[in-house]
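To keep things simple, chains are lettered A, B, C, D, E and F as they appear, and every chain counts its residues starting from 1.
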Amino acid sequence: MDNIKYNVLIPKIRQKFILNTLKENKRIDNRSFYEYRALKIRYGHLPNADGSAEVSLGNTIVLAGVKVDITNPFPSEPDKGIIIVNAEFPPVASPDFEPGPPDENAIELARIVDRGLRKPEIVDLSSLCIVPGQKVYRIWIDIYALNHDGNMIDAAGIAAVVALMNTKYKKFTFVQDKGLVDTGEKAQLTLKNFPVYVTHVKIGDHILLDPVLEEESLADCKITTIVSEGNLITGIQKSGVGGISLDELEKIMQNSINLYQTIKENIQKEVSKNG
Amino acid sequence: MDNIKYNVLIPKIRQKFILNTLKENKRIDNRSFYEYRALKIRYGHLPNADGSAEVSLGNTIVLAGVKVDITNPFPSEPDKGIIIVNAEFPPVASPDFEPGPPDENAIELARIVDRGLRKPEIVDLSSLCIVPGQKVYRIWIDIYALNHDGNMIDAAGIAAVVALMNTKYKKFTFVQDKGLVDTGEKAQLTLKNFPVYVTHVKIGDHILLDPVLEEESLADCKITTIVSEGNLITGIQKSGVGGISLDELEKIMQNSINLYQTIKENIQKEVSKNG
Amino acid sequence: MDNIKYNVLIPKIRQKFILNTLKENKRIDNRSFYEYRALKIRYGHLPNADGSAEVSLGNTIVLAGVKVDITNPFPSEPDKGIIIVNAEFPPVASPDFEPGPPDENAIELARIVDRGLRKPEIVDLSSLCIVPGQKVYRIWIDIYALNHDGNMIDAAGIAAVVALMNTKYKKFTFVQDKGLVDTGEKAQLTLKNFPVYVTHVKIGDHILLDPVLEEESLADCKITTIVSEGNLITGIQKSGVGGISLDELEKIMQNSINLYQTIKENIQKEVSKNG
Amino acid sequence: MSEYKRVDGRAYDEIRPVKAEVRVLKNADGSAIFELGNTKVIAAVYGPRELHSKHMASSYESLVRVRYHMVPFSTKDRKSQPFTRREIEISKVLKEALSASIRRELFPRSTIDIYIEVLNADGSTRVASLNAASLALADAGVFMYDLIAAVSVGKINGQLVVDLNEYEDQNSDSDIPIAFMPSLNKVVLLQMDGTMSLEEIRQALKMAKNAADKIYQVEKDCLKGSLESVLKVYGLL
Amino acid sequence: MSEYKRVDGRAYDEIRPVKAEVRVLKNADGSAIFELGNTKVIAAVYGPRELHSKHMASSYESLVRVRYHMVPFSTKDRKSQPFTRREIEISKVLKEALSASIRRELFPRSTIDIYIEVLNADGSTRVASLNAASLALADAGVFMYDLIAAVSVGKINGQLVVDLNEYEDQNSDSDIPIAFMPSLNKVVLLQMDGTMSLEEIRQALKMAKNAADKIYQVEKDCLKGSLESVLKVYGLL
Amino acid sequence: MSEYKRVDGRAYDEIRPVKAEVRVLKNADGSAIFELGNTKVIAAVYGPRELHSKHMASSYESLVRVRYHMVPFSTKDRKSQPFTRREIEISKVLKEALSASIRRELFPRSTIDIYIEVLNADGSTRVASLNAASLALADAGVFMYDLIAAVSVGKINGQLVVDLNEYEDQNSDSDIPIAFMPSLNKVVLLQMDGTMSLEEIRQALKMAKNAADKIYQVEKDCLKGSLESVLKVYGLL
């Protein structure tokens, strides 16, 4: 029921070292508990993708590609476009990943990223309708891990949002007797908010932001809080086999809201720098 | 080619005990050779199913659910509805069942149940046509094992027939320029006969009705005879790796016909009792 | 990534024997280096196939069956029919083949056979159009190994071409308001050229034509050259883990062209003999 | 606060009628049915037992495997896919929640397999599944830190409500399935989608805790009843 | 009795022309072609041989595996699915019939793999497959209690006929494939669909037995011919 | 000779701008990016490492496994199939080419896994993949007979050209991907489709060899640069 190992086995002696370091209020890479790793973003560099972004969070590298095509709408929402999020953890990214269909970790990640985009409707789905009930745009977001060193969710979230921000797609229009006609123009997606995925782990009594793989593997549990403009929480996912108290949850959610502006500006700075 | 174990391995000493008991004309659960186990039926208890039945035959429990939807008819039979029977032996039902697609035992069971319904056309397929060549009702019968203690075929047959008997589905009608329209009414399936699946096993020279799992696992072969009103046989399946003589077959078929009324009345009694 | 063993393991002592034999300019089955094995062809013997051929090359037996049906054309080529080549190495053909979907060797073989038919357009695809953009004939070529003793590619190539040559399919025509109508006539495929697949292996410094399985398994590499009328080369595939020099390649291509007429006439002779 | 009325007339903090029963399947080492109104779930536990593929086994704790599955006729439209991405994600979070409750270090080199079948889905299936599975584990005699009591809470028309049914789930602004080990004050499952302020989440979690406490009591009563009936068989009660 | 005429003009109890040939594939340990009119089947036997996955092996008898498969171009419409539910069920009943005929206790810890390919399907493919497979087992030198002789019998327009072709199979009221070990008077495969009275089944099985006896003779002649040609090679005949 | 002009204005024997970089992924034992214009490929090498399934291992040489894969957004139309027949065939021929370059006898009982992801496909992806993979092997310190330098050559409008982009690939009369171990004068990959005379192939292979020599030089420079930067880190340069 679980074919890819997301976490790594950590030798006992190394576990002790990491825990002792935490007791001294330090982390193995010398960050403070609520400090993000260095963020690097490239985007729009893959011409066959309609939108793309490669995000490095320390040694974690995640690629997101957007493709836009045209399909029939769901009968329940005839005048809305469609968004589909997939994620793959291919064997390039880790010695423990194996070829094959997405496992439970990749599917969970795709569904968390999706959660931050769907119900708050970050992409204006109504603007993606061409002919109501007949033809709408479909936005494929494919997330592809390239190097796994912990906290893939936050990196995937940034990659998905930045790839959507730079997505340009062929604008079609419906002409009587002719059907869909390419207008020759390109349209750009408009995003209605700016979700940020903020992941903490709990190791013993310590709460750490943006865990590296060793920290993630050692953690009791991991909490991802999705925050959007306006101090709103637009998604939560707890994972990992340990329990957590309501007080600790409160602290993590509060901290995620506090960090929102800083992380968002950090992303925007990187975006304005590169491309 | 065979991923689920339908039968169990029985220790030699237990085999000897079972065979010795048979020599004394007794069975391990004290039934006589041609005696059915206690039958219990619940039905119509799952509101999302259009028809449902849970059948217990001793410790064997089988669930059948019916769903009705609308599809295109087969080109060869443009004015007939469609029946599809599936069966699953999920891991809840036995320590030896494993998750995965239906194995040869589940497929065989589904096809035997199907056999008793298809050629004698128990369900009036012509009544399931809405627009000839265009739209017909499709009856999905899903059989789901919950606890496997032998003779799943007979239990599945009863569950399928009772679930069909209590199936109610939304009645659609075709209106010019509008297509299919929900009439707001519910229609009930009508069954044209009442097939009963009767399974015997041959162990050595003994012929036993309604085997428990240990008997089934020890048997030379297993013969299911499907009997319908009018002393008609509407299906046979031999399974198991042993041979059987024509005389023994004759005896089993005769016995199945003899038992028909009793079993049918037993089912009807349970149905009138519960629901 | 490789579930079927195409090659066999050859004991060291047998390897030595084969190599020593080659040093004396002899082969283990006494053929000369550029000599084909005995070719036998049956065709048209499977009435449910629209075209069929069974080709024996020594002990290698390959069956090809053609079925023709009607489908929508590809949007990029609205007035052309479609050809699809599949190959299977089923477990009947070798103790090392296992049940399951085609592995890399079967897929490679299908794609090589396809290569000899597609770009040189051996089958006149325009003649397979019924209604441009709407309905075209689709030619399924299924290649089925029956006994594997080396050089399956050449045998498959012959089987595919001969099966196409004897393919007869129901002629449909488009009638206003009626759609596709069976004319009651049978049409025959017309081939525009006669491709011959010629496979050599390199073992050490030796170049051998039409290898048996032991030779193929021992070879440094294998080169298939597809030759068509007019001294034209219409496809090449190198396989195997060894390297080869440009001079050796030149020699193999030249030899393949030289052999073309002989092999083609050999095929035609067999075809005129049987049926 | 809006004047939202619940479709089935319940109070905002009212859970649907609960039915819990253990020892319902003879072959399983432990089993339970758990119903929340028309949401009906059955769970079976096999294990602790030996693993076939040794390389997955751990020498210091039990491997827990969970399969959450909806039968094809459990949903409004027939579910045709055998195992959806949704089922895979839910199986994962249920596995993690149940693992947190099991004293896995007591069963090294073994596996505990928990199979959950949703027989009828009317919202809140994943929390009903956790309750069923936790009862089945208790029925199987698997040592646990605490029973799990799980419930959903959501916001509809600005109103917080507990135990969402299918209609409410489809029409909610946001939805939080949550699971507790009540005696230990630990959250073992938490998901949320939709949009909420931190203050709203605070209130929601409080409502959830109260509802979970009621479910916890039902679970304990169910197990007590089961124990008593066993003791009666042996003439000890 | 109706005045039903068979489409190919055969008498009611007449089987189609039979062709049987063994040792047709060099790689297999045993192989055979069996044809009933246009129904053409090839079978290959590999084994008894060692099993890769030891945990499936039995220490007191051979595991028999059977794969009945129709090639894509063997049917009127191209068969696009690699392995249908029908093929899975037939593989199972053929496996059980062939297992009944093999002295499996002579080959413990081994497997006997029987691969059957239907090359052209004109009705009665499963019984033709059994005949081909039984001949291939004999050709492989696998010890058997008896050869299997299999045939189909059915009812069309109220008339019982043997060896149904595809047209008759599609238009029959009922259809019985059956397989015998003739010398032992044992039935090793029996299926039936459609509607019949017990008396009709009795008659049908009698007709089937007579037809199977003819096929049994063909099989024995085929094996005798094969043996003679081997003996000739060694100058012993 | 025709007056064919290349869409991107290149000379007939001119390859697109090449970018090569190693050590781009931290987890892999070796990794490389290789770009030919807009064709962008990344390769990762894991190994030599122990095999999980021992029965596939060879006691006298390393098993080489190659997975050539295109990401879904790498192509004009989104690639929806996870692994196509084309990818399976290309994985096979790349595996054979790379195997020919690796001194496999030095790593018995081990596997070398080479994973290639095409990130953007603008023609000649399989030769770009070979170059990326060969650099990644060198970066991983795997002993090789020689680096592989691969390039495509084709005929358009009767004109031979090297390094076909996607447009040229779609519109060519014929297309030859070829890979060399240049110092050893060995061809390790060769495929051809379309129609050519032997004389045309001769010329094409000559052009290909010249272009491959340029790529070979780029590869060596890339590895030299990588080595120098490592030496600098240790203060040795």
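Quick note on the criterion: a residue touches a chain if its C-beta (ideal position, glycine included) is under 8 Å from a C-beta of that chain, and two chains touch if they have at least 3 such contacts.
Remember, it's a predicted structure, so these values are computed and weren't measured experimentally.
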Could you tell me the least number of steps, going only between chains that touch, from subunit A to subunit B? 2
Contacting subunit C as well as subunit E are chains none
Path length in steps (a step moves to a chain that is touched) from subunit B to subunit C: 2
Determine, using the mean of C-alpha atoms as each chain's centre, which chain is farthest from subunit A. E
Scan B-D, B-E or C-F for the interface that duplicates C-E, counting it as a duplicate when over half of the contact pairs agree by residue number. B-D
Subunit A and subunit C have mean C-alpha positions lying a whole-number Å distance apart equal to 48
Whole-Å gap between the CA centroids of subunit A and subunit F: 31
Chain centres from averaged Cα atoms put subunit A and subunit D apart, in whole Å, by 28
What residues in subunit C touch two or more of the other chains? 1, 99
Would you please write down the residue numbers of subunit F that are in contact with two or more other chains? 67
Order in which chains appear around the ring, subunit B first, subunit D after it: B, D, A, F, C, E
Please output the residues of subunit A touching subunit F within their complex, sorted ascending. 46-50, 52, 59, 61, 63, 65-67, 69, 86, 90-95, 99, 101, 140, 142, 144, 146-149
Provide the residue numbers of subunit D that touch subunit B in the complex, in ascending order. 25-28, 31, 38, 40, 42-44, 46, 49, 67, 69, 71-78, 82, 113, 115, 117, 119-122
Could you pull out which subunit C residues touch subunit F in their complex? 1-2, 104-105, 107-108, 110-111, 115, 118-120, 221, 223, 228, 231-246, 249-250, 253-254, 257
Using the touch rule from the top, collect the residues of subunit E that touch subunit B in their complex. 65-67, 85-86, 88-89, 91-93, 95-96, 99-100, 174, 176, 181, 184-198, 201-202, 205, 209
